[in-house]
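Each of the two complexes below includes chain A, the first together with chain B, the second together with chain C.
And now, the complex of A and B:
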């Protein structure tokens, strides 16, 4: 039934069912794994299983009872999903106070309270510290779930109070299946997306936009020309980002996806250079990449990848997109000149 | 409302039924505290002698018992049988404090009540007497998060609270607490817990939970906890809930997202064989199994750390991360690569580890690290290279004066490099190089001297090394020239027993008898009494004799004599123009130094 919506984490589902049947459900969990792997969906199903009011033996939501329906509609009084507001850069203490206030209320429907804290990566110092005491000894009957990408991004005092649940990447066949269900019919495309996503269906879906792949073809064409017309290409790139929408958030999102495509190309080139097989690139694309490797060699290639990763960090840190792209493409142009060997 | 389900039989509201281990096994008296003996002792003594201070600050890493100790102290003070060092645990006060709902013990979360308003509120309530206990006790946890204004508002109260008030502040971060607060509190630093302490406690818990666990699994958990008992307990709790009946190391690995030791060893072997493609394959396999990249890099770091230790200290070291059956392979690996390459690898891995924290491309970063590691050529340490260059200088003249000529082509070959590496970097090897004797000539000089240095002992070798390479002055005679400023090292090295030690070692290494001499490369004031060969310049000889006589006479001087007897002093230098003193003042000019 409802757990089936969660893909590829069967072992975790079994574990949680076992935990529930033993009556050893802890009060605080920290879910970690790359974004797009299914953490939030899992947490929602966990909440549903806890708050379900149906008559059955399994630890799962029945999807019929009022509890499940309220949860689905996002109006369950005992359920709290807190996210960082999209315009903020961090999860602030004011929001945390709201969670704390609500968690100390008695459950309205009597099945306990569940709070899911999304974007736990972005908790700032004050907010994280304000959470500590409650996280250690929350009111009875409550379950706190933090969603983040890595334990490294949490205070040690937070990690020490939670049970850490790590989400493993899905197998490529499973991602492939998810993509097929989402209506992507081309099997080669599915396979490439699966390889690119590194086991995160969410990422694969985000990358499935055909416009992105059009961009990728341009990018490869650009890499194949000699000398590289970097700055010119960066202008084209910027135009492409502006097509995503007027809001800077949308442009930034698309910039990150484009960079991911570029990184994957360079990554494949790197794999070729040490005699391994490329993961995403097709045969003809591989030829272009091999030519690049021959031109510059492995060490400069490693430096170029570093440079691209740096650009990726800059996008995340809200630097001006035009500047990031121009600087990156200029660095690529210079780095790909054979004289730079 | 609440409903009874067969799967959750005992409790109508399932989430209310279970309390995590870390809370259930919170110590309730001083005797139960693990690893904080000093703190417990001090607090017990304070209670026994009725010298309990009005403000304490507990600080230390997470999960070592700060809050627990604060609650125990509160119970000790407010127990109906008290103040006692053994709270009864059954009286109303004790029970209420354990449950965290006592009317006189206020446990405040300073991180969420951090403003000046809360501090004012506290101040205005402090004056009222406790309602049933002896004291009103304020436990202010996470105190480092209070704002500056709040801290300052507390200062006066904290310094002179009413007699019925006790403050206990607890924090992980004492640096953030203003100095004015610190100076008003008695500070207790809680130590991180050691492995055996954590393992011992975990064993108790497993036993009282009625479960079983492999010792290896508990050891892994304890290592992983990094000194925090709560970390260990959280992990154990999770394993006990998720896992099967018996707790095994395998389950710990799966839960932590670490790779099994075999895989780490395989990955390392591929890297050390300079095979990046194979390393990437192994990485892909591991990633598919859900191994976390940061975990993997940590494990590789441990592996490289073990290689480093094995390379430096040899096979007999005990403190390795990997289980013993990898030891032989690892030892071979460690011997096959120079120390500097291992160190460079460690640097590379640790910088990758740091970058993983912030990056979205973890897998790529690890791939890059693996490729870079596999491409690391064997590094030749700079000191060896300089010696190598210097050696050519020695043949031409004294070191230092030599022009930086390129090494002669004969030395450029690999065997010489190999020799330098072996002897300069490896610990003294009694096996391979100890038995075979080598002819000592211009060509093998670096090599042989390296072996000699390796055998004379570390400290002595360091002194000898300051002079660079020795030169062959005539058949079977070796001379080591110290630069002019190194008189002290030269004197140390030219002591007769040390010279003969070098000669003996030379005989061992070369199989021939060699004379060894220590000289100064500039104007010599060489204490030639140690040489059995006559020095070239008679003038110098005469000078030396004069110095020696002077020295002997100075040694007879009563005050110097006493200094030598009492302190084991040694005459290092007699200043120019020094005559045997009549006045005491001059004596002080002599630099008699403790040996």
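And now, the complex of A and C:
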């Protein structure tokens, strides 16, 4: 039933079911793993299993009872999913207070309480510290789940109060299957997305946006041109990001996806240079990449990959997008010049 | 559902229900009112997931039973603006239509199963309290609750119902208000052995619903929730987690000095003295002796104030410091012509103010 929606984390599901059947669920979990891997979905199903009012022995939501219906609609009084507002850079204490206010009310439907704290990576110190006392000893019957990408992003005092659950990447076959279920019919495209996703179906789905692949074509065309039109392309790139929406979160998300595409292109070029086969690039695209390799050699390629990853980090650190792109394109223009050898 | 309704009746009911609609950002569906029409009755409910209201609409004829989500804000506007008195209401999970002569409004709606139900009040164990008594008791305690505290168990009012007594207690750790009244128990309803704390928000909503004198309120406390039945509605709230401090232990056991203070003049004196306090030093010194009470305050930058009023006390001189707002908040909810008695031991032990036999207010002095 409801756990089936979670893909590729069967071992975790079994272990949670086993722990729950013995009544030994912890009161606080920290789920870590790359974004798009299925942490939130897992946490929602866990909440559903806990709050389900149906008549069955399984630790699983039945999807029919009023409890499950309210949880799906996000109006279950004993359930709270708190996310950082898109315009904020940090998870602030005001949000934390809202979580605490709710968790310190007695359960309304009598089956316990669940609070999921999404974007736990962005908890600021003030909010994290306000949480410590509750995290250590939540009110009876409550379960707290924090979702983040890595334990390194948390204060040690937070990590030590939670049971850490690590989410492993899905196999490419499984990602391929998820994509097929989500209505992506072209097997070649599916295979490319799965190769790009690094085992995160959410990333693969985000990358399936046709506009991104249009952008990728432009990017390849730009790399093929000699000399590289860096200034012009960074302007075009920025326009593309702005098309994602007014909110900076959407633009940053798209910027990260674009950079991922660029890294994959450079990685494929690197593979060509050492005589391996590219993972994502088509035959036609490979020709362009081989030409680039011939022009500049392997070492500069490695540097460019590193430079692009650096840009990705800058996106995450909320540097101005225009500046990141201009600087990156500048580095690319210089790095791809034959004279640079 | 389909119903033929009386505009004013529906408007009054919707206005009452909408008091529970959250003002903050929540799931859009909670900004609405849920209606259930069944067996000749139409019930409206609204909730913010912490508290809720449930009430029956009067003057409504049900043509087709069912459940529906009514968009509160727009429906209220329609009911206010419409000229005629009889309207047709038709709603399902996708739309809500209001028709009158020469007008028709269609609004998108939502799935009623996504809206949590508010429990009904059909208890045989409950307490009955006069509305006016309860209103006064709430006013005299609710201001003393802790707001935004890390001590969550104090963010509400403790209810003690046993036999024919009702006690409400509120504290934020620095002062404590205790109001007492009479109530009538039905079916052995009692809170003995429990410490049910009703959130401040629910107490305020209840107080607003007690404006008409002469009504009797029924209260039922369950382990996790409380239900109030007023004349028109049922108010529901979840209780606060945690243990409320043992308030009986903080009342001083020793006998000290006793001073009688008239509420009105005393409040005036405190307010005057408090003018010279500032954010850094919220402190007024109260000095009793020589049949006089002298209030002294000195702010960092503000200046100095000295206010005197006559009292009947001629014993040993006693000085005690208070945060004046703690006193003003309490004096404000008492009738100005009433009298207070103050029990003092010294400048370092909590001072106990009493008004009649039903109200006690304990304040920690500043040291």
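Note that the second predicted complex is superposed on the first by the 333 of 341 C-alpha atoms of A that agree within 3 Å, B and C clash if a C-alpha of one lies under 4 Å from a C-alpha of the other, contacts with A are read in each partner's own complex, and residues count from 1 in each chain.
Here is the rule we use: a contact is a pair of C-beta atoms (placed from the backbone, for glycine too) under 8 Å apart; a residue touches a chain by one contact, two chains touch by 3 or more.
In this text, all values refer to a predicted model and were calculated from it rather than measured experimentally.
Q: Considering only the touch criterion stated at the top, classify A:110 as touching first (chain B), second (chain C), both, or neither.
A: Both: A:110 reaches chain B and chain C.
Q: If we overlay the two complexes on their shared chain A, which of chain B and chain C does A:89 touch? Say first, second, both or neither.
A: neither
Q: Touch test for A:291: chain B only (first), chain C only (second), both, or neither?
A: Touch status of A:291: no partner.
Q: So, does A:66 touch the first partner chain B, the second partner chain C, both, or neither?
A: Only chain C is touched by A:66; chain B is not.
Q: Look at A:180 in the shared chain and tell me whether it touches chain B only, chain C only, both, or neither; answer first, second, both or neither.
A: Once the two structures are laid over each other on A, A:180 reaches no partner at all.
Q: In the superposed arrangement, which partner chain does A:162 touch: chain B (first), chain C (second), both, or neither?
A: In the superposition, A:162 contacts chain B only.
Q: Report for A:76: first if it touches chain B alone, second if chain C alone, otherwise both or neither.
A: Only chain C; A:76 stays clear of chain B.
Q: Quick one: is A:100 in contact with chain B, with chain C, with both, or with neither? Answer first, second, both or neither.
A: It touches chain B and chain C both.
Q: Based on the superposed arrangement, let me know which partner A:133 touches: chain B (first), chain C (second), both, or neither?
A: In the superposed model, A:133 contacts both chain B and chain C.
Q: Following superposition on chain A, which residues of chain A contact chain B and also contact chain C?
A: The answer is residues 97, 100, 107, 110, 130, 133, 140 of chain A.
Q: Flag every residue of chain A that touches chain B in the complex, lowest number first.
A: Residue positions touching the partner: 15, 18-27, 34, 50, 53, 55-59, 93, 96-97, 100, 107, 109-112, 125-126, 129-134, 136-137, 140-143, 150-153, 156-157, 159-164, 166, 168-169, 171, 198-199, 256, 263, 267, 270-271, 274-276, 298-299, 302, 305-306, 309, 312-313, 316.
Q: Can you list the residues on chain C that touch chain A in the complex?
A: Touching chain A from chain C are residues 27, 29-30, 47, 49-50, 111, 113-117, 148, 150, 152-153, 155, 199, 223-225, 238-242.
Q: Taking the complex as given, what residues does chain B use to touch chain A?
A: On the chain B side, the touching residues are 1-3, 5-8, 10-11, 13-18, 20, 22-23, 61-63, 100, 109, 111-112, 114, 141-142, 144-145, 172, 228, 230-231, 234-235, 237-238, 240-242, 255-257, 276-277, 280-281, 287-290, 292, 294, 356-365, 367-368, 371-372, 374-375.
Q: Give every residue of chain A touching chain C within the complex, in rising order.
A: Checking each residue of chain A against chain C gives 66, 69-70, 72-77, 97, 100-108, 110, 130, 133, 139-140.
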